[in-house]
Every structure is written in structure tokens, then in C-alpha cells.
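Next come two complexes, and both contain chain A; in the first it sits with chain B, in the second with chain C.
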Partner chain A sequence: MKNDKGKYYRRIRMAKRIVSHLFLILIVIFSIFPIYYVLLMSLSPLSNLSQMSVEKLIPNLTYLTTGNYAAILYHYPFLTWLKNTLIFSASATFFGVLLAISSGLALSRMNIPLRKVILYMMLILSLFPFVIMVIPFYFMFSELGLVNSYTGLIIAYSAGAVIFASWLIKNYVEMIPKDFEEAAQIDGYTKTGALFRVVLPIAKPVVIFALVLSFMGPYTDYALAGQLLTNPNMYTMAIGMYYVSQGTVSMNYGTYSAFAVLMGIPIFLLFFAFQRYLVSGFSIAMYK
Partner chain B sequence: MVKKIGSWNLRSLLFILPVIVVLIFLDFYPIAYSIYMSFTNFGEFHFFNYSFIGLENYIRIIRSGFLWQLLWQNAIYAFGSVALFAPLGFIIALVMNQRGLRGKTFYRTAILFPWAYPAFITILIWQGMLDYRFGIINELLEKIGIKPIYWLGTPGTAMLSIILVNLWLSFPYYSYVFTSAMQSIPTELYEAAEMDGYGPLGRLKNIIMPMLSRQIAFVVIFGFIFTWNNFYIPFLLTGGGPGTSTQILITYSYSSAFSYLQFGIGAAYSVISILVLLVVVIIANHYSKMMTVLY
Partner chain C sequence: MATISLQKLTKDYGNHKGVFDLDLTIESGEFFVILGPSGCGKTTTLRIIAGLETPDSGKVFLDNIDITDYPPRERNMSMVFQNYALYPFMTVRENIAFPLKKMKINKTDIEQKVEEMARILSITDILDKKPGQISGGQRQRVALGRAIVKEPKVFLMDEPLSNLDAKLRVGMRAELKRIQMSLKTTTVYVTHDQIEAMTLADRVAVLNNGYLEQLDNPMKVYEKPANSFIASFLGDPPINFIDAELEKDGSQAFLIIGDSKIPINRDPGSYAGKKVRVGLRPEDIKVSSKGIPAKLTFIQPLGRRRLEHFKINSTGAEIIRASSSDQTLNIGDVCFIDFNEEKILLFDKENGKII
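Then we have the complex of A and B:
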């Protein structure tokens, strides 16, 4: 009798395991499929979507080609788009995170006049999507003559990054015990010195998270860039990709896929390289 | 309090000053500018000589009846998305949280893919995959005997496609949040519950749900707030179409301004979108005290 019961429970546990694995495998297929699909398309000679078929989902080595990558690199202004994107993203990340480090440290460790008011405003502003700002920015920058300029967009993107990044850094630094700086101050550091030399290195995960997030915004922004940049020499990858998707710029589907891979893979790899920082960073953003 | 204000000095001001400048000139000024524009006839015919017209834009928007359609679509988009990605994330977390399950690292890594690849690009990949005539999704459905679906071509299926793509984009994040929340529950609690004879469902109902209720509420509210103004999925996947059936307030604000050149109307729609969110935040704050994160 007892033995039977044990067998019964073991069977139930076995069934539970099998169902769990089946469910997770389905989820994995769902998550990976679009990335697999675009990677495969980028290596297939496809002039348009109509040549796609289910059979082609199984890679055939004799059929695969790197021709699409050659096409996107040499027949389209991809490198110009890449250069512009990197200028915008890197500059905005640099300025945005620099300001965020200074204000994040100040808000968590210094006596700031109207501290609470500033924090409430930052929290409310972080609810506003960047797209809301496009209409006013468009006219502000037109009046200032900052259309089709690097400066204008870099200012806008830095501003877009700084609020959320300050918020993150402030939250993280508040979790670091004050003992570290106090010890450093006994060792002869000034208060500011202790903040930068001792607290900031401990806050590395959140700074990396802020860097990656700030980089992502401009990297994939069309909403603002598409309106402020009208000179094709200033286009970014996101603008290029949007125009191809709308049919304004015609491109083979295979080449378009190669474009999607070249633009996406660096971010994809960056994400996995910093995965553990990113995941903990997000929970800091949410709760304290 | 007075003492504190007295003790701040020039150095701490220097640290915060750049951000205050940004807040004033690149956040408050543009927002004020937007609100001001929403009270003017700023548009194609009054580009440089626009005038103050009071509430006329808002009255026009309300009278047109289109506002209710947009609010309805926006609500379906936001609620529909949260109603799918939060439970899926929770279920995945529950399954992954089983003791002794093999291959956890593999599953966890694979689930990160949609989150790791820039959404801007994957939305456009989905657009190709959902194509009616040539898209791979319909080709796959045909293989298992299902008739092709006009994914992006009819109002109902277009909204469904947007929500499904949003599910794909968002579930990794939610399964991560819930997994880490479940891991924070002490294992002794599970063991105690097992000793008391609770099955998996009993443990879910009596331990996991009560322990995580605060996080669940938080995740749902933030998911809603984030999705409400999540511009790129409708903008890139359907462009608001067919017709205006998948427009939400923020995408319609954008097209009013930059496609129809009615900047005043566009600004008014974005103001309405933010007002709705503020109401949601105030209500949510009343119940869950989100703002306590400040202290």
C-alpha cells in the first residue's frame, strides 16, 4: 500500500517535470524564433518576402551566402548611418551619465535644497515618454538653428537619459552603507573624494546599467531623429531602417535582414555581456 | 528642517546644478511649451502667425468623438498587454522556480533573447513575419491546416498582433522580476507548508501570492503606465492602421503633428495622454503608496 503511494507520487512528479520542460521549450521557441529567422534570412539570397517559405527555415549550407552583408556595407550608406548613430549615442551616453553620477551622488549623500521637490519632479518626469517631447523640441531646436546638427540631438538625448539615470544611481547609492565613506574620510579622503573614489566604484553595476540604457535610447530613436534630421548625410541607422520598412528606400529582403542583424547584434552582445548588471539594475529601478 | 536647509553649501549645489538646468530647460520648458501650443491654432495654415484660441482644440477633439475611440484603443492596448505579459511572466517564474529542474540556465538565457535584441528592430522583423501573403507565420499556419490570417489587415487582428508582439517583447522582463521576487521568499516557508500538507496550489495561494502581492501590484501598475505610452509597437507594426484602428493617443499626437501638420491638435492629444496617466498614478499611489520609494 505504502509502496503504491510512493510510485503514484513519483509518477505525478515525473509528469510535472515533463509538462514543465515542454512548456519551457515552447517558450524558448517563441522567444528565439524571430532572431533565428532574421539571422537565417540575412544569410539567404532573397530579393523579397515572397521568396520566403517554410522549407527555407532549415538552413542549407550550399544555399547560404554572405552577399547580403556585402550589399548592405557597400551599396547602401550603412557606414555613414552607423557613424552618425555612434556619434549621437556615445555623446549622449557620456554627458547624460556624467551628469547623472553627479546628481545621483548629490541626491543620495548631500544636503540639497528642495531635495524632495526635485525627487518628486524627477519621478513624475520619468513617467513622461520621450515621444511627448518631440513636438516642443522640434520647434525649440528649429528656432535655435539646431536642425540637422549633431549638437541639437545630443542635447536632447542627454536630457532624455539623465533623469532616469540619476534616479537609478540615487536609489543604488542609498543602499550602500555609509561606513565605507566614513572609513575613507578617516583615512584622509575629503567627503567628495570619498564619494568618487569609494562609493562610485561600489556603484559600478548601476552605472553600467545606466550607460547601457542611455546608449539604447538614441541608438533606436526614430521619433525625434526622423523629424530633426532631414539631410541624408545625417541619417542614423534607425532612420534608414524605418525608410526601408516603409518602402521609401527599396532594398532586398535579405539585405534588409542583414541590416537588422548588423544593427541589432552589437546591442544583443552588450546585453549578454552585462546581463547580471542589467537584471539587478532593473530591480533597483523598480523597488528599493 | 530649518537646520538642514542652513547646512547645504556651494559644493553640493554645484553637483546638482547641471541637472536642475536640464530639468528646467529641457523638461519643464518643453512641457510648458507643449501645453501652450495645445491652446493655439499652431498648424499648417498658421505656422508663423498662430494665435491663442483657448480650449478650442480640446473642444474640437471631444466633439469629434474620436477621442473616445482613441481612449478605448489605448485602454485595450495597455490592459490587453498587461493581462497577457504579467500572467505569462508569473507562470514562467513559477515553473522555473521548481527545485531540481534541469536546464535552468539554458532556459533563462534563451528567454532573454527578446529583451536583449533592440525592440525597434524586432518590431520590424515581426512586421515581415506577420505579412498576410508572404509572412512566415501564415506559411507555418498553412502547414498545420489553418487558413491564413489577415494579421495586420483588419482592425481586430491588427490590435491583437500589436498585443502579441508586445507580449513577445515584454514577457522576459516580467518573468525575471517574478523569478527574483520568488527567490526572495525563504525556503523554510515552503518546507513548513509542505509539512503542513499543502500541495503546489496551496503553496501558491497561501505563501507565494500573499508574499508577493506588493510586487505584483507594482509590476501591474508600472506595466500599465509603461505600455500606455509605448509608442513604437503601434507606430512601426501597423502605423496606426488599418484606418485609425490601432492608433493610441501618443501615436495619433505624433501623426497629427508631423503627418497632418496640426501641431496644436497634436500637442493637445499628448497633454490628454499624460493627464490620463497622472490620474492613474494618483489613484495607484492612493492604494499602494508607490511614492514611498522616495523616503
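Then we have the complex of A and C:
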């Protein structure tokens, strides 16, 4: 006897699989296309968007050029900008996350006065976009003589990083059973010692996630750096990018794209290296 | 070797949670079990001894030194947690060595102690694995190793066997007892499992709602429970309770259960003519030619033993009898259930206290 019902359900299953795969392929194309487009633009001699057409989406090898890259690397102080950006990002990450570790551990594990008030303040502050702080920062820093200085921007960036990094670390540490640090206390450590010796290593995934995100903020910032830095030797890549691609008549999208690719490489490497932690980090960030 | 003494210990969490006015002395080298249902205050007591909680009032003494305000690290105790609390980012070797690192012991000695511990607990082959890569039973051994290796004055154990499957638990129970007997380290063990209390304890303290209900050796607590709560908490299958009335007829006392009148050799004293609760252990019930008429309603075979559920004809009360499997009674049979009068326990119906 033929099993028609079984066959029917097998077909349904197959159809569902095809549809879901098609859907996934579509999403992949949708997310990869901008990257492809930027890569293509960076290698093409076109100077502006009006020269772009659909057929040119398929690369023609005789036509591609590395001229845009050469222009950036040889005609502009790209390496200085890269160095500046790395100094700002790394310092802000270091100080921001260092503070966030202490405050995250304290907010989750210690009986600190005004704990609730602090938490609400953090939550409210994180609702404001960073851009609205540009003008207050500018007035404050010009009073203090911190415009056009490494110190000024590093303070501003660290402050931006510390809020959400503390929040992330606090949430993660709250999910770690207290038994670990209690065991360490019985085994000879002080309460603070136990937090750093035992809880912090367990929280490693979220700390790395916080490190990467804190790095990303200053690395890509344009608004604040654009206001506080006027000396071209202090420029970061984001400002350099704008400066370089500014043509006489219109934006030079070839140079702009090449710059974007160069700027993206360190971030790409960073994500690649810490992929494992970022996946769990993102799921924690979504969780609470 | 160390004596722990708790004096008037109180920790009130509100809602009748915590411990109240607890006085206890745990003798040196003793295996001391604190038994009670969840929320009875047993873990709180253990955590106060460990220094992880501060009591609202009262004192903790270790060898006559008041350690109430000492931090955990100054108490020279080790603790085994319910979920072991092995540090997940360290190997088994590092976990066991962890408490030694703060003790100013040189590296080779630490290494030696860890190896020896691993040998005793048969975990040599997993020393370089992480806790996530080993089984529950192995984790339990590692947790024990970490507790034993620093040779503390006191072992504290918070339901250490409750996460193991039944078979493993029986094995670990025996091993735990063996280790404690050879080390003779004072041990405070918290559990809600009466079998663990019965098998492990030199003495057992039964806690309920934060108050100490009884303190004695486990057999005494089983045979002479202070009240019906303890009677019901100890024993598997649990004790049967039957409502009855005490009556005195001249110099003879009787127990009236439904329409059965059973003579007993006890002086009912002020309870004559009053309602009481009779506690009857399942293993003390006999089927006989005289006694209380009852019907067998259900049988649970357990291999060599079986549990027979009876319904008393006159009152409808259900009681369970534990018997050997070679019994010939079948479901639906009506018989007489009888008991050795010395074995029955009588409780005040109002406050549950033993009479």
C-alpha cells in the first residue's frame, strides 16, 4: 500500500526547507551587497556617483585600479590619522572598561549606597545619543584647555564607554551564582579579592564584548572629534576620511570608499579574533 | 579537631525565615547533620558558621574563641556547595590547588598534595580537564578534594549529594562517611534528605521554621521523635498517622480507632478521654487474626519488599504497611491489621507533641 500521507508531509518538509533557504540567501545578499559595492567603488576610477550604472556592478578587470588607495596612502598622512585613532580608541577602551569592571562588579555584588539611583541615572544617560553632548563638551573642554588635546577626547570617550560597559558587566555578573566568590572567600580571599580572582575570569566573555564595543565608539566617531580637533596632525581617520574625499565640485566616492575599506580592516580583524565572545556577548546584551 | 558552639543565634529574614535562638554544640570530630525541609534555616545556620552571613544576634565559637565577626578566610573551614562551585576557567588541578595558594605553601608541596588528593579520590586521570568536561560525580569528587586538601578544622557541606543521580548518591554517601571517619574532621552537613541524615550522622539536629525541634542521634530521633512533624519527616515510606481516642476503663487504657477498641499498657494520664494522633511506622504493622478490620486497596512492589495500602473499614483512613514480597494478600482482601503496642507513637492532636 502506498503511504500517501507520509509522502505529503515529506513534500511539505522539503518545501519549507527550500523557502527558508531562499529567504536566508536573500538576507545574505542584502547584507553583503553594501560591502561589495564599497569594495567595487574603491577599485574603480569613477570619481562620482553619476558615472555608476547597473552593468558596472560586474567588475571589469581591465578597468579596475588601485589608484584610490595609492592616493590616500601616499598623498595624505594616513598613518598619522590611524595612529591618532588607535591612541584614542585604545585609551578610551582601557580606561572606560577598567572603570566599568569596578563599577559593574560593585553594582551587582556590593551593598553600595544609592545603588538604585545610580542604576536609573545610567539607564537615563544611555538613552541620550552621544551627539547631543558635543556642544556641552566643547564649552567645557575649551574652558579647561582640553580642545585639540589627546587628554580631552580620551576623557570624553572613556566616559561614553563606561556607562554601557558597566551596565553590560553588571547584568552578566548578576547571572553568575554567588557560590563561586563565596567558595573563594572560604578558600582565603577577601570579598574584593574573590571578585577579581574568580568572578571576573568567569565574566571574561562580557568583558571582551565591552572592550570591542568601547573600541568601536571612538574609532568611528566623527561628531565629537570634528569639534574638538582642529589641528590636522591630531585628526582621526573619520575626519581624515571626510577631508580626503572632499572634491572641488562633489564628493569623491572612489577615495571615500577606499578609505572606508582601509578603515574597516582593523575592525574586521578585531571582530574575527573575538568572534567567539561576541556571539555570547550579543546574546547577553539582548537578554536584558 | 574543633568544637563549634552556637549561642542564641538569630538571623531574621522576615516572613518567619531564618533561624531563631539557636543553641548548639558540635563536638570535635563529630559528623553533625542539620536536617529540615526547605526554608527551615539550615543553610542559614551553615552560612553563619562559614562566615558568609552575619547573625542579627548570638555568637559563634570555634574552640572557645568567639569567631562571630571573623571573615570566612580567617575561620580555617572548607565548604562543599550544592552545585560544587568549581571555578569553570580552571583545570581540576588548579581548582584543588586554589585554597593552598593562599597558605604560603611552596609549589612542589602544593603539586604533591594535589596529586595525593587525586589518588585518594581516584580522579588522577581528569586533573588537566576543566569542570565543564567531567561528569557530575567527578565534579563532586573534585569539590571534596578542594575542601579536604587544605586540612581545615571544619568541613561544611550544603546538600552536597543532591545534584547526583540516585545510584551515585548511595556510593558517594558511603565514601563521604568513610573519608570523614578516617580524617576525624568536625563536619557540619546540611540536608533535607532524611536518609542521608540517618546514614551519615553521629548526631542530627532537626530544624523547622528556624527553630531547633530535636537534637539527638539519628536512631533516637527516628524512634522517639519529639513531635509529629519530626515523625513524619523521618522514615521512608513515611509514618502513618491515624486519629484515635484514648480511654481509661478502670486501670486499663484503650485506644479507640473507629469501632475498634485496642487495649494498651500505657497510662494516658491527662489525655484520658481525649483525641490523639497515633503514629505507626509502616514496618511495624502486622496482619493478624485480630485487630482493626481493613481492606487491601493497592500494592506497590519494590522487589524484595512491597508496600501495601490499607483502608480502615470503620474510619476510611488509609495506612501503608511495608512487608516482604512473599505475602499472599491480594487487592480487595479484608483482614485485620495489628501492631506491636510498644512501637506506636502517640501525639497531642493540638500541638503535635509526643505524649
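Here is the rule we go by: the second predicted complex is superposed on the first by the 234 of 288 C-alpha atoms of A that agree within 3 Å, B and C clash if a C-alpha of one lies under 4 Å from a C-alpha of the other, contacts with A are read in each partner's own complex, and residues count from 1 in each chain.
By definition in this document, a residue touches a chain if its C-beta (ideal position, glycine included) is under 8 Å from a C-beta of that chain, and two chains touch if they have at least 3 such contacts.
Every value quoted in this text rests on a predicted model; they were computed, and no experiment measured them.
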Exercise. Specify the outcome, clash or fit, for chain B and chain C once both structures are aligned onto chain A.
Key: fit
Quiz item: Does chain B (first) or chain C (second) touch A:188, or do both, or does neither?
Solution: second
Exercise. Pick one for A:227: touches chain B only (first), chain C only (second), both, or neither.
Key: first
Practice problem: Answer with first, second, both or neither: which of chain B and chain C does A:250 touch in the superposed model? | Solution: neither
Quiz item: Now for A:268: first (chain B), second (chain C), both, or neither, which partner does it touch?
Solution: first
Practice problem: Mind working out whether A:65 is in touch with chain B, chain C, both or neither, as first, second, both or neither? | Solution: neither
Exercise. Determine, for the superposed model, which of the two partners chain B and chain C contacts more residues of chain A.
Key: B
Quiz item: Regarding the shared-chain residue A:179, is it in contact with chain B (first), chain C (second), both, or neither?
Solution: second
Quiz item: Hey, in the superposed model, what angle do you get at chain A between chain B and chain C, Cα centres, nearest 10 degrees?
Solution: 90
Quiz item: Can you give the closest approach of chain B to chain C, taken over C-alpha atoms and in whole Å, for the superposition?
Solution: 10
Quiz item: Can you pull the chain A residues that chain B and chain C both touch?
Solution: none
Self-check item: Sites on chain A touched by chain B in the complex
Solution: 16-17, 20-21, 23-24, 27-28, 30-32, 34-35, 37-38, 48-50, 52-54, 57, 99-100, 102-103, 105-107, 110-113, 116, 118-125, 127-129, 131-140, 155-156, 158-159, 162-163, 166, 171, 192, 216, 219-220, 222-223, 227, 238, 241-242, 245, 253, 257, 260, 263-264, 267-268, 271-272, 275, 279, 282-283, 286-288
Exercise. Going by the contact rule at the top, pick out the chain A residues touching chain C in the complex.
Key: 177, 179-180, 182-191, 198, 201-202, 204
Quiz item: Which residues, counting only chain B, touch chain A once they are in their complex?
Solution: 4-5, 7-9, 11-13, 15-16, 18-20, 22-23, 26-27, 29-31, 33-34, 37, 92, 95-96, 98, 101, 103, 106-107, 109-122, 124-129, 131, 133-136, 139-140, 143, 168, 172-173, 176-177, 180, 215, 218-219, 222, 225, 229-232, 235-236, 250, 253-254, 257-258, 263, 266-267, 270, 273-274, 277-278, 281, 291, 293-294
Quiz item: Given the complex with chain A, which residues does chain C contribute to the contact?
Solution: 50-52, 71-73, 75, 77-79, 81-83, 85, 87-89, 98-99, 101-103, 146, 150, 156
